[in-house]
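Quick heads-up: structures coming right below.
First chain A sits with chain B, and in the next complex the same chain sits with chain C.
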Partner chain A sequence: MLYPDTVESEVIVHKPWFITAMFAAILACFLALNLTGTTMGELMRPVIGDPVQSGFYGRFAIAFTIAVIFCLNVVLIGFAPLKLQIAIVWLELLLLFLAFFETFHLSLPFIREKLPFMITQGVVTTLYVSAISIVIASAIAILGAVAKLSTNGFAYAIATFYTSFFRGLPLLMQVYLIYLGLPQLGFVIDAVPAGILALSLCYGAYMTEIFRSGIQSIDRGQWEASRSMGFGFGLTMRKVILPQALPVIIPPTGNQFISMLKDSSLVSVIGVWELMFLARTLGQKTFQHMEMLISAAMLYWIMSICLELIQSRIEHHYARSKVR
Partner chain B sequence: MSPDTIIQATNVAKWYGAFQVLKDINLTVRKGERIVICGPSGSGKSTLIRCFNRLEAHQEGDITVTGVVLHDKMRNVASVRRNVGMVFQHFNLFPHMTVLMNCMVGPMWIKGIKPEAAKKTALQFLERVRIPDQANKFPVQLSGGQQQRVAIARSLCMQPAVMLFDEPTSALDPEMVSEVLETMTSLARDGMTMVCVTHEMGFARAVADRVIFMNSGQIIEEGKPHDFFTNPQHERTKLFLSQILKH
Partner chain C sequence: MRHFSKLTALAASLAMALAVVPAQAGAVLDRVTAAGALKVATDANWAPQSFMNDKNELDGFDVDVAKEIGKRMGVKVVFVTPGWDIITAGNWAGRWDMHAGSMTPTKKRAEIFDFPAVYYYTPAAVAVHNDSKATKLSDLDGKVVGATTTSTFEAYANQDLVLDAAGAPPFKYEFKPKVVKSYSNSTTAFDDLRLGAGVRLDAVVSSQPSINDAKKAGYPIKQLGEPVFYEPLAVAVERGDPEFKAKIADAVQGMKTDGTLSKLSVKWYGTDYTVVK
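And then the complex of A and B:
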């Protein structure tokens, strides 16, 4: 959160001009969208009669009702304390999404039947592919960052070539290149190792930059103090610089991990049975694509939320030594 | 070179690009000597003492520290550095370690001393700078003066042959300057060899064996504190002293 001012600011959602503008905007928006043929029209039947026959009166009534409900909702939430506001808005947005999914008329029994396999096979594969990749990527990133900061021409050239190449190519293409290209050189590689290799190399390149900026953010004085005591490069790096750079490195690395979790879906193209692959194949036989895709989407989301929580815990942990 | 010479600099010169920061510096520091280097800002005094543990490289002349000649091709600068303690203007304590760990890591990692023994030495030196009760705090929890005294203790734990002080009180609140100077004074009384870059003229007068005045990269005056303060020879020194002692 930003550093808040001590001056009590007025609640914007309670200002008449804001409410009027919001009301007008929503009214106009839903007048333009004709909702008479939808569930909304059915719900309004007692007021407007047959929705299809109701014409402009029906459209207006529906838009007006929605605008009133929306504005009332916003104004009421404006009275709640901050935490409650956040919770209510989250809940409402979630319900809207569920309502959106509801319109697909998903077959719940089908989902219930396939879900266990999606978790035991898909989620587990996605998780371990991502976890192994992030570990390897971090190792590559440390090496890459040190090489990029070194005065050794070879190391610098290799590191910059590597980051340039792997940041410059689409990940999908890297997956293909490794899976289909390495056998040309005589290494026949399985789909899972190929996927892990592609993810590690690609994310290692991005994370090299994160690690490099983290290392550079540490005050020069720390190097000088270490040197003046006789610490060599490795010791200084391991024991003085990296531990201090970690709090800088961790938030963007957490981001990368969340992003990798979803990008791991790209390895489905080489036939790894991870979540995305199952989502596409399980529904194929019975044409129930939407069921599987939405289930997979929810599973990805849940995993990301878990990672976000873990990330904030770690950030909190590292914030401690800065507290006075 | 006599055996009790700790630092010897002969004809030292250094450039930053085209700008010459050190010009023909000649200086000998003998065992147990307390030397104060002063001069206007930008005169090269910090650069000079940073050359003594090779945080900076000089380009011409020779610097010999504890019998080792400092040069470009040094495989093991570390062996010199572990004998030369340095205290910085901004303390440069390791913020992610407790005060105690700050003092223990040098002996443990460089000299291979066992943690228990290192802890004993560390506590002994923290006692020496009069803050043993802060041993388990982190540096940020301490005042500036306390942090600087920890930094002094950290250097002492390596049991150096000479201590270099690079404007140790310049970043401190006025009230905290004296506690650091007292620590340095008591260190001087115990016979530690010290080279101090400082603007604290009272300290120079009370403690120094020699005061060295630098201006634009050169040593232009050198003498016993009494002579230096009461009878400066050079015009630039007179101007500097009149400025600094005016208030």
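And then the complex of A and C:
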């Protein structure tokens, strides 16, 4: 909720029209899908007989059961307190995902065997490539934002050209351009620095815009008041503008960090042995790449969750003024 | 503090990497001898030629050949694994010295690379799904065919293949596909083929060993007809260093003469691919 208050309102998932509509929608969806040939059909065997021969009756029975279970589940969750609701929905979605992965018949021993190497080589490389890029990108972003807000034509022109160019090219192309293009100018750059450079420049451009808009979101009166008190540019920025701009800047910046973590997989094309590269490579000989791709997906997800948690901690810190 | 010093070290290495000037052409052999190491580029996704083994190290036929060449040159071998398109783009700029990754010495590639030695020949074949209705290669006329991008398999499917290396047997185009789909590696193409005959692909052009490997791993595919062409495969170096080229040619010739190469081929493929049948 935006701001928790004490106004009581009816729970929407308990309103009859909502339940009816939801039930009808689910029923229609699963009627359209023929699930008689799946595990669901097998489970319903006692009711519908041989799933293959059950025809429309089988389809309807399956869709009806699913709709009833779904609606019952939603209505029951509606009774729970907020925290419990969140926990249950998370758990249920997670179980659905696991069931989805289960259908791939993955070889768990193979995953267990490869996981240590994926972490010591892949996750470590991914993390340090992203971490360095994040630091450099943030530095570029602050410089870029100040340049874009300055009245110096030179600085403004460079900053706008930079953000336009690096936001306008696909990151993969930037990786290629830097890795293959710089040697033409006489700078032979290794794969890891090339990847870091591409990530920093690209994300620096996006974050420049975030920082600029955050700074501009502060009312000009703040700036004028501060200046009229005799504060200089640096002091105004440090003590007045930035502390107010940070709560605006942090959520999109957190987004950028998470997205950079995953975009670091693009540097695998130039042969950096990070998580994505290993995911594509390790299972290749034995044709068990699905195992490796899913393990890597989970590792990326876990890393992203850590970043999400850090972001929400920081947001809490800056939202103190809004707490009653 | 430790983290900080690590960061500065990395920042410094970044700056260093930016400042290094490339070695002059013709000096590759000097560089290799001075460093005592031969930097070999190879694909990590091309079993059984080169792949990651159980110990998470590079292994395979190409890798063994590269190691043997290094041994005969008296240097140790270091592997790097850039993408195939980056290797074939040329302009290695001293990042690696040699490519041992089953490259076919086509005329176009010969403009950028020298090929010191052909070290084996792979039969290229066409794979179809087990349920496929095609019984001969000409049944694939007007169908959707997949192949690894910028490979000779793709060139064959596009009827645009030039094999002009010494000893390359003649071939003819057996079918004319409607669409040729490009994949970053053969595994992805097989993955699309396994979905069913004609779901995403009707056939995949790939090397016979890869097709056999996929079959062994339980892919529901089979080889259609005879191999469509024999691909000579060579070690590649950048143009401009004849001494380095001669050194590698000597090493490979030595391996051919004393039977090492045939032994390696039998070890990885079960048959001797180093001579044309």
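Here is the rule we go by: the second predicted complex is superposed on the first by the 284 of 324 C-alpha atoms of A that agree within 3 Å, B and C clash if a C-alpha of one lies under 4 Å from a C-alpha of the other, contacts with A are read in each partner's own complex, and residues count from 1 in each chain.
Assume contacts are C-beta pairs under 8 Å (C-beta built on N, C-alpha and C of every residue); 3 or more make two chains touch, one makes a residue touch a chain.
As the structure is a prediction and not an experimental result, all values here were calculated from the model.
Peer 1: Look at A:Gly271 in the shared chain and tell me whether it touches chain B only, chain C only, both, or neither; answer first, second, both or neither.
Peer 2: So A:Gly271 only meets chain C here.
Peer 1: Look at the residues of chain A and decide whether chain B or chain C touches more of them.
Peer 2: The partner with more contacted residues on chain A is C.
Peer 1: Tell me which partner A:Pro170 touches in the superposition: chain B (first), chain C (second), both or neither.
Peer 2: A:Pro170: touches no partner chain.
Peer 1: Can A:Leu180 be said to touch chain B (first), chain C (second), both, or neither?
Peer 2: second
Peer 1: Between chain B (first) and chain C (second), which, if any, makes contact with A:His289: first, second, both or neither?
Peer 2: In the superposition, A:His289 touches chain C alone.
Peer 1: Touching A:Gln244, do we find chain B (first), chain C (second), both, or neither?
Peer 2: First partner only.
Peer 1: By the touch definition at the top of the document, which applies to A:Phe231: first (chain B), second (chain C), both, or neither?
Peer 2: first
Peer 1: For A:Gly221, using the defined touch cut-off, is the partner it touches chain B, chain C, both, or neither? Pick first, second, both or neither.
Peer 2: After superposition on chain A, A:Gly221 lies in contact with chain B alone.
Peer 1: Which chain A residues come up in both lists, the one for chain B and the one for chain C?
Peer 2: none
Peer 1: Would you mind writing out the residues of chain C in touch with chain A in their complex?
Peer 2: The contact residues of chain C facing chain A are 7, 10-11, 13-14, 17-22, 44-45, 47-48, 51-54, 56, 80-83, 86, 89, 91, 93-95, 185, 187, 213-214, 217-219.
Peer 1: Please name which positions on chain A make contact with chain B in the complex.
Peer 2: On the chain A side, the touching residues are 219, 221-222, 224-225, 227-232, 235, 239-240, 243-244, 321-322, 324.
Peer 1: Considering only the defined contacts, which chain B positions touch chain A in the complex?
Peer 2: 53, 55, 77-79, 81-82, 84-86, 88, 90, 92-96, 105-106, 109-110, 138, 140-141, 154-155, 158
Peer 1: Can you check the complex and tell me which residues of chain A touch chain C?
Peer 2: Contact set of chain A toward chain C: 113-114, 117, 121, 128, 132, 135, 176, 179-180, 182-184, 186-191, 193, 196-197, 269-271, 273, 277-278, 280-282, 284-287, 289.
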